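What follows is a pair of complexes built around subunit A, which joins subunit B in one and subunit C in the other.
Then we have the complex of A and B:
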């Protein structure tokens, strides 16, 4: 007789088996495809699917704790894909350069002329930022970061002063400090739980938003080139 | 009343078809096609999370799958520009 906590709704108990089998099937297929594939970039794309299998297996339990475990899983998967793609690119650069020293590795020039990139980004970025600040937490950070990404990506000027990149990293560190202070207050002075909750939510939002902004700078450096 | 299980089964079918399409589907020699096929599977996973009422997980899933696609497409186009074997 399986042990089911009494607060799990009846529907979720019925969903458990189909969803966990789906997760296992996806994991099996994608791992087999990874084993058969030779090229690195294809393996990187297939790891995305292994992440889905992980999410489904965690989600099949259906409790609040399972939901909270999905969030770090998704974020770690994102960071992993970003890091490995950078490593792949730099490795290929080194391989090509060892064969032919004179080959140019800088990205191609690309000119795009879209109406939405010249007139709308200010307004859309502002709306996204305001909505993100209203949401707070990880989701708000993602929404606000999307606004920053869009704004930075649509500006045509090339090169950002080092001061600005360091400033963005500084804000990211500040968000981290806010999160830790909120966490400490939660345990030391539980009567101020609302303050600590908002400190943690605001800190997380700053952290995620600045991280997405940095991705935007990274992409602008390569595609927004004139 | 609407039946939750219809959406659950739709999500499961989409996820499995998307996975099969990404692994051995038509045209997966091209990494761009492969990246876009993962989107089908991610929509299926989103439907399953929707059935479980996992709001935060669903929103985060949508955001991260979009960013993942952006990162992968950037890596693919950079590698193709350099003339690497993709």
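Then we have the complex of A and C:
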């Protein structure tokens, strides 16, 4: 049977069962809320709550293997909620189009012209990108991705050139390759651990940053067509 | 052949399922989509529902990935990988069908996607509980551990999760309407993956509970 190492504080061990109960209770109540709710968009948002309860239960174990369960769990939840919301959007668009072919599908008109949207984003995005590169790794990727997202959302939501978007996806793929190569070097040639560590950190930063950037593409595809 | 401390856990049953799944994946990869022909009421005309090339390519890609993921779930000896492959199959099943144009089918995919999302709670939660109770996710190591109450609870949770992700019996109602869209060979992988996955999950749960 597994043995909990003696240096783990007593409070942490005591938290194991209460956290599992909390997760199950949150999941149960979210399911009840989903059963009572009638509108699809609310059901989708409530379903995400069940995902948070899942992360609670996995986090209660609290080892490094459990952490490696949390990451794919989060990614799966994100991917599924993106896919399902896309399905919801395209279904509603088809419903509207079957009634009236000429109706505009944009949720709101984005023709406003504010000075702050043309001057500030460059600077803030640059600062965020530089800070993200300085941090590297997962956190840096999230910060740099926030910068890219801010830039895309505020300046080029309508009609960002296709070349830029494919470039972002390409960089994302390169970051992925760097991460995988770093991972392989770590196993095959452990003496080059520093190189593989930096490869993985840089690759992860590129990957997470461009993943945030790709969310901007979704905006373009749905609402960018005029 | 040894890769560090990696221990391979394979028996003939896994190999058989793995090869069968790969053969099916190959057959689906070289297949072409069907074209549904519907007779119309009142006239002698037929209505054909075709799948255009772009949609065909996207679906073929997703089906091949789904087949490979199922084959991977057949041969893995690790609870962690099995969980990940299962959730990957759930996403891919949504993806294969989500590009259709019929509103009813999209409705059904939406319901199935919600079920798959909710069932990631028991799936990952069960795997984490088993990890917490055993201290390992290797099936080879779990085989020799006597089952405790927490392990059996985790196994039950995992079974619920697998049912939801692959959309079998209690949740099939959400999935049934999905198959009324053209594109037969690629839709078959949705059925096939859920059948294979459930066999493998029952085997894994028997390993955990005995």
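The rule is short, and it goes like this: the second predicted complex is superposed on the first by the 191 of 226 C-alpha atoms of A that agree within 3 Å, B and C clash if a C-alpha of one lies under 4 Å from a C-alpha of the other, contacts with A are read in each partner's own complex, and residues count from 1 in each chain.
The working rule: a residue touches a chain if its C-beta (ideal position, glycine included) is under 8 Å from a C-beta of that chain, and two chains touch if they have at least 3 such contacts.
Nothing here was measured: the structure is a model prediction, and the numbers come from that model.
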Subunit B versus subunit C as contact partner of A:67, first or second or both or neither: first
Contacts of A:201 with subunit B and subunit C, given as first, second, both or neither: neither
Touched partner set for A:76, first subunit B, second subunit C, both or neither: second
Touched partner set for A:94, first subunit B, second subunit C, both or neither: second
Which of subunit B and subunit C A:144 touches, first, second, both or neither: neither
Which superposed partner A:20 touches (first subunit B, second subunit C, both, neither): second
Residues of subunit A touched, compared between subunit B and subunit C (which is higher): B
Touching partner for A:128 - first (subunit B), second (subunit C), both, neither: neither
Touched partner set for A:50, first subunit B, second subunit C, both or neither: second
Which superposed partner A:178 touches (first subunit B, second subunit C, both, neither): neither
Set intersection of subunit A contacts, subunit C complex versus subunit B complex: 44, 48, 66, 68, 77, 81, 88, 95
Subunit A residues touching subunit B - in the complex, by the definition given at the top: 11-12, 14-15, 18-19, 22, 25-26, 29-30, 32-33, 39, 41-42, 44-46, 48-49, 52, 55-56, 59, 62, 66-68, 70-71, 74-75, 77-78, 81-82, 85, 88-89, 92-93, 95-96, 103, 105, 107-108, 137-139, 142-143, 146, 212, 215, 219, 222
Subunit A-facing residues of subunit B, complex: 4-5, 8-9, 12, 15-16, 19-20, 22-24, 28, 31, 34-35, 38, 41-42, 45, 48-49, 51-52, 54, 56-57, 59-61, 63-64, 67-68, 70-72, 74-76, 78-79, 81-86
Complex interface listing, subunit A residues touching subunit C: 1-3, 16, 20, 23-24, 27, 31, 34, 40, 43-44, 47-48, 50-51, 53-54, 57-58, 60-61, 63, 65-66, 68-69, 72-73, 76-77, 79-81, 83-84, 86-88, 90-91, 94-95, 98, 187
Sites on subunit C touched by subunit A in the complex: 3-4, 80, 83-84, 87-88, 90-91, 94-95, 98, 101, 103, 106-107, 109-110, 113-114, 116-118, 120-121, 124-125, 127-129, 131-137, 145
